[in-house]
Amino acid sequence: MAQLPWLSLLVFFPLAAAILVAIMPANAHKPIRWWATIAALAEFVFSLPLWWRVIPGQAGFQFEEKLDWIPVLGAQYHLGVDGVSGLLALLTTFTTLIAILGAWTSVEKRSREFFALVLALEAGMLGTFFCLDLLLFYVFWEAMLIPMYLLIGVWGGQRRVYAAVKFFLYTMAGSVLMLVAILSLWFLQKQYSGVPTFDLQAFYQLPLAPSRQLWMFLAFAFAFAIKVPMFPLHTWLPDAHVEAPTAGSVILAAVLLKMGTYGFLRFAMPLFPNALVVCAPYIAWLAIIGIVYGALVAMVQPDLKKLVAYSSVSHMGFAMLGLMAMNAQGFAGSMMTMLNHGVSTGALFLLVGVIYERRHTRKIADFGGLWKVVPVYSVIFLVVMLSSVGLPGTNGFIGEFLVLLGAFKHSVPWAAVAATGVILSACYMLWMFQRVVFGPVTHEENRKLTDLSFRERLVFAPLLLLIFWMGVAPQPFLDRMQPTLDRVLQMTNDRAQMMTASDAAATAPLASRLQAAPAVNAAPAEQGGAR
Amino acid sequence: MVPYLFLGFAALLVATALMVILHRNPVTSALFLVLSFSSLAGIYLLLQAEFIGMVQIIVYAGASMVLFLFVIMYLNLQHDVEKGAQIALRRGIGWMVGALLLLFAGLLAKKGWVSGPVAALPPDTTGGNAAAIGRVLYSRFLFPFEITSILLLVAMVGAIVLAKGRPAPQGEAE
Amino acid sequence: MNLPMLWIIPALPLAAVALNLLFGDRLGKRGTAFLACGAVGLAFAAAVRAVLTLAARSEEERQIVETAWTWFRVGDFSVDVSFLLDPLSAIMVLVVTGVGFLIHVYSTGYMAEDPSFRRFFLYLNLFMFAMLTLVLADNYLLMFVGWEGVGLCSYLLIGFWYEKQSATDAGKKAFIVNRIGDFGFLLGVMFLIAWTGSVNYERVFASAPHLFTAGGTIITLATLLMFVGATGKSAQIPLYVWLPDAMEGPTPVSALIHAATMVTAGVYMVVRSHVLFEMAPVTLEVIAIVGAATALMAATIGLVQNDIKRVLAYSTVSQLGYMFFACGVGAFGAGIFHVMTHAFFKALLFLGAGSVIYGMHHEQDMRKMGGLAGKMPVTHATMLIATIAIAGIPPFAGFWSKDEILAKAFATGHYGIFAAGLLGAVMTAFYMFRLYVLTFQGKPRFDENGGHAHAHAADAHGAHMTHDAHGHGAHDDHGHDHGHGGPVKESPWNMTVPLSVLAVLSVVGGWIGIGKPFIEGESWMGRWLEPVLGSGPHVHHLAVSTEFGLMGLSVAVAAFGIFMAFRAYLQSPSIATAMHERFGGLHRTLYHKYWVDEFYGAVAVNPVYQASMRLWRFWDEKVVDGIVNGVGYFLEGVSALLRLFQTGYVGTYALFITLGVLALFLHFLRS
Amino acid sequence: MIPTEWALALSAVLFVIGVVGVLVRRNALVIFMSIELMLNAANLAFVAFARQQNSLDGQIFVFFVMTVAAAEVAVGLAIIVNLFRLRETVFVDEINLLKG
Amino acid sequence: MAALMQNEAFQVALWAMVKVGIILGVMLGVVSYLIYAERKICGHIQARTGPNRVGPLGLLQPIADVGKLLFKEEFIPAGANKVVFHIAPILAVFPAIVTFSVIPMGPAPMFVVTDINVGLLLFLAMSSLGVYAITLGGWSSNNKYALLGGLRSSAQMISYELALGLSTIPVLLRSGTLSLSGIVDSQAGNLKAFGTTLPLPNWGIFHWYLVLPFFIFLICSFAETNRAPFDLPEAEGELVAGFHTEYSSMKWALFFLGEYMNMIVICSIMVTLYLGGWHGPGVDKFAPLGLVWFLTKLFALLFFFIWVRWTYPRLRYDQLMGFGWKVLLPASIVNVVIAAVWLYWRANA
């Protein structure tokens, strides 16, 4: 087992499954979805060892696989997993399974292609999380786009083409800049060490003049910020979400958005720490604006999916804010928020999908009084909604609280403004919930709604379980991510100091600003107030 | 002797090539092209590329151009009608651009583009040019050589499919 | 057994929730009721046992901490799920489980006919769990879990009759307003974490004196923020608006959540954090003023309300104001004392009101009641006791706690607040007896044979709203048929027994706080709380004569209020009408609650909504997407230009290629 | 020995003739022939350089070019035939379906 | 002038000229009498006597024919493409004559005009050019029979050229050279097989893997030269003489000349490739004897050609194409593979 290229198998098994599904007869709907589900389940089971085999106490990469890919360029097929990517990979396999199971009956046309694409997408996502080579990362990053683009463009709603193109172009615009930055890193690396390589760990050792970092950081940040998505680069998200099929929305929300924050954590921040210090306040404020803005705009949405989409903007703002806080709580909070958002928002999209499948509308105004008709559905909806609102005891709270705490330690105004998001999230969620679930049944069509089927309950059961597990006892999750997060933090700080020291032009306060959380007697208010 | 032959072939080549593009009748053009290919084959011979020279004739003169002729005959093309201001303009631009190209090429040539290092070891030509080429082709260039076979196969299939045409749908006027 | 097993206290209701959720549909109403009440009853028993264990210890050791597991630990910051039982939480836990149990029992009668019986008890048990977590938590974050949890249950229970728009509106309002408070609370807690590195009470309180300068900015800010949380939870100005609306929920809910337990969480939190608050005199001053203002304002509104539950709601707000200004003047013990007594008599009042409403077939308008004393003897008697208790007539419970508060305010020199308290006491007595008189005395103002219900159903409250909206077609969903035809009669035993128990408590509950003038030394209550609150800032010891004077004063004003109420509403109702007409503007203002809701709507809710709309429609769709699409249009324009080069003629393309080659040549020529 | 320059000059002339042919003529077939001319010009240069460099690689390349040219002729002519069937013309200035 | 005479290149050229002159002259004569022979043989096959009026045994008949043709009226059909119409007959003769220059009729360098090292390729190149004459002739006549004949002819020639070319490959594999002289040289001596020297000449035909190629080549030769049973381009019965329907006088004569010349060329090649070329007993002692041997073999083959023509009926067009593509081509490919494997195995054994 030790010699088994486990990560490669994880990445390529869904791809193989996708190919197998793709060559099945087109009208064999039932076998197709059965096999797709079995494949996703197998992949999930196969990925479960990530939970215990990725040793919690170890910060570095594990299960590394290294093969020459393009030796001339020094590009390698280099995979590895650590606490952060392991958790996100688990989220990916889990979400894919849920999404496929959720899409059982909702996809009527071209189900073969649909399930094949979802599985291919899974392969792309896992590759993105596992790869430790920048060129490979770029390849996976782009490869992910295509299935998603097709999922939106083919199985989407009314304006699917517009949404798909918007999604594609937005992401492309960012990633092209990232590619330029990757290439320039490569050149710098070659200049520095004489060995051409795209290896991430080599880049971690690469000193960069602070003056040089800025534009590269911005290029990376731009790509990731679009993916997150950060205000004001978020407008692709509502469209993509609204038009995407349910499974697409779920995966988009649960995993694809995490790519952005993951990218910051893995690439943009440790590679360019000095630039990060310069940019962090701006990014943080953008994230805060995103939190408030997303919540405000979500409040007035007439469309359920759009509301959830804007709530994603808000939640991912929290994740970004946590990263920018640059301390243990912020990082852990951000990571928890990513996982939470994956679970809760994924579940929300599934819930919207459930009623959309039955009623073929997503307008809030078309519903009302659902509790009376579909009580089980409503209860699940309630729990998921509360998790999204961040009620203590559910998963949402841990992430938000830690992020706010991290932000608070960095700067009080950050936390103060961001915390209003907590209020606003309650506003839009409760209002939506009231209009959809409470009240009398106002539309006769809704009277005939059927409650969740066994399959659907099966889909939601693990989600609810996770919601409570992560809310009540999040420590196992935190244990797994923290060594890695600490390492990233440590590395970022160390690199910042090293490079500041090496660059006479850089100003000293930059590095000192990156020191760990304020000491007990220090006054964060003053520190934060300076910004 | 050889230079004179070269000049002769060159003159023939240029003349026939010019005729290709000047003559109104495509058949005549094609025939001149055959001639120019043949003279080019002669030049190849003079340049110690016997194999290439022969292949030039087999492939170009013997195969390609026959195909051209077939097509011209099949389409039953007559003299091209080339009149009108637009065509005159085009002709003017075309010749001007050609002249410029030649001028620039000449100027570039003056800057000494042509010279270059000579390979240390002359190729092993025992058994003649064809044998030498064979040795290189089946060792160093074996892979590309095999690839060309795929290329040809693809071209064959493509040509057949294209030329075969779709059966005209019923009731649709040609 | 030495282990008190604190965790079992909140766990019992939670287990009931789980069982109810899983097997509730097989239990039937009886089973559900038994399960719910049993769980809370057991919790009460466990609480009693735990408190007895605590009491058995010496004063220095009166603290039991139980850690269940580490909730989460990030970096140097760690939170445990652990419970703390000390004298303060002991009082709270007893009140919560005790009153909670009674109200559970009461609910089995009150909700007997409701089709969502099971759901009701599910929520109620969940609430008990959350409240007990809140009370028993040994750190701020776990307290916050309960804090938000009770908010959630409050939301669910207010909106229990979810088909009624006003109910769900009220639930939503409660939750959101509470969230605003929570926002403050959370930030306050973060201040504590940032400075002390912990949320554990003991550690925070232990390190606070070393870390903060008393009266400094940080501690003031932190405590003020925490107080914002308290105003949200405990319905103080400016966040009190949700509580009156919360009366949309079933009456037992109002009794349990919006009178006895949840709303006092803010007071509990402030008292719990008294170490911090005492370091921030400015905050204390603010609390005192806010409390007094709330007490006064709510009392004025309570004067003119006609809905029996609304009067009680405003009275609750007002009483909570008393508790806060008690805290504000440093009388934390008095505050908690009032929390306890208030829990008894206010719960009783609400339950009594519920009984009345039940008897009146879901009629809540006092103008349509009257003369119920004979028809509902137990309800009448118990209500009367409660009314006297709240009005502050000795030896009923309310007198002792209210008097202690006023005395402390006077003693610490807050004369303005003392005066406001007195004024509030007059009004309290007045409006409470107004309620009593309108409900139980005089002549019945309804059709005694029960034909009344439909005539004014439009402004009646309760679950009937839905029925009327749907007409009788939807009648079978709800089981309230009993109410429409039968005469007014006394409630069943499971409602009257809790009333009686609470009535007894309303009488004797205050006696444990009888202090100075009557007995030597501290009151029993004070001594009990001393390990937590310390001996308190007893700077000004009032003379015994002053104490008696104050008591007399407060009794006198109460009596005046009672007299006025009887006079205006029983003897000569014309006075009331005349007053209404005389002070029409004032009356309208009061009746419309100072238009605060409208003010909030105009200042906060609506602008936010409008701004959001604009953000979406303008900023998102016009500006950001405009830029995005603009890039597209720009490229389209450029392409339209480039299109001209795409003539479709091969020759043109060839020409361009050649020109490109020419350009390349030129480049090489130049270089 | 023929100087390489001569062959290159000839190649250039031949290429230019091909270019002019493409630019001037409107008959697709003749244009095609002109393209062949250009290919041959390139071949000539290859051969010339091969001789100058004393290497056979240039000739190998010519060989490949010829293969490509043969394939190109086959497909190209098929396209032209198809075109003629559809549009009844081989004049490239009467065909601009791809006009932007 | 003397200096010129000393110039080696000039000497080579001069010699070549001389040889070309001789060969051309002889060729023309041979062709004329080949026609005569054909008519004569044909006559005898059909139990006639053939031409016997002009001169003894009709031996002057060819000269008379030439005279007649020379003086016949040139007829150019209306709508014909004149230039092409004139060029086509020349193209018919030209490749054949060129090919002659590389055929070793005796030991090199004496009995070969120019012994280039890609002789076989030249042959293939020239034979591929042969298509033009017929295609253009048929097309330029502006006559549908002619056009059909031309098209048929070119299709036929192109088709069979493939098998023809492929059937030469085993020969090349054996000899390892493209030079025709080289190929002939490789057939010197006696056949060695089974570890002994057999009493057979070492000709190509006697190697088992060259038997099939020889017959394929032979069949293809009929097609290449448009002779029966593959004489569809002319097909008097259906196409009224096919591509040269509109030709008369000297131009027609040129086509005729071309056909026979092609026949001679292809037979010479066959002799060279499979039948040991000029090798024969006594050549090593007296070189010119090679010429005799060569011509003997050549004439034997030519006789065979004529014999076949008057023996077999003409094939149908689809049969012709089907046979070429479906039988000969695969067979020759298979043979190439077999020969290659065999030779490789033997070389390494």
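Descriptive notes on the structure:
Letters A, B, C, D and E mark the chains as written, and numbering starts fresh at 1 in each.
Going forward, contacts are C-beta pairs under 8 Å (C-beta built on N, C-alpha and C of every residue); 3 or more make two chains touch, one makes a residue touch a chain.
Here the structure is a predicted model, which is why all the values come from computation and not from measurement.
Identification of common neighbours of chain B and chain E yields an empty set.
With steps allowed only between chains in touch, the distance from chain A over to chain D comes to 2. The central chain of the assembly on a C-alpha centroid basis is A. Of all chains, the one whose mean C-alpha position sits at the greatest distance from that of chain C is E. Chain pairs B-D and C-D differ in how many C-beta pairs they share in contact, with the greater number at B-D.
Centroids built from CA atoms put chain D at 89 Å from chain C.
Centre to centre, using the average C-alpha position, chain A and chain E are separated by 79 Å. Rounded to whole angstrom units, the spacing between the C-alpha centres of chain A and chain C is 37.
Our note on geometry: chain D versus chain E, Cα centroid distance of 33 Å, whole angstroms. Under the contact definition stated at the top, the residues of chain C that touch 2 or more other chains are 651, 655, 658.
Pairwise, the chains that touch each other are A-C, B-C, B-D, B-E, C-D. If you check the complex, the residues on chain C that touch chain B are 651, 655, 658-659, 661-662, 665-666, 668-669. Within the complex formed with chain C, the chain A residues making contact are 166, 169-170, 232-236, 238, 293, 296-297, 299-301, 327-329, 332-333, 369, 371-372, 386, 391-393, 397-398, 401-402, 404-405, 408-409, 415-416, 419-420, 422-423, 426-427, 430-431, 434, 437-440, 472-475, 478, 482, 517-518, 520-521, 523-525. In the complex of the two chains, the chain D residues touching chain C come out as 19, 22-23, 26, 28, 31, 92-93, 95-100. Listed in rising order, the residues of chain B touching chain C in the complex are 90, 93-94, 97, 100-101, 104-105, 107-108, 111. Taken in their complex, chain C has these residues touching chain A: 69-77, 81, 141, 144-145, 147-149, 152, 155, 159, 162-163, 165, 168-169, 171-172, 175-176, 179-180, 182-183, 186-187, 190-191, 193-197, 211, 217-218, 466, 469-470, 608-609, 611-613, 615-616, 620-621, 623-625, 628, 632.
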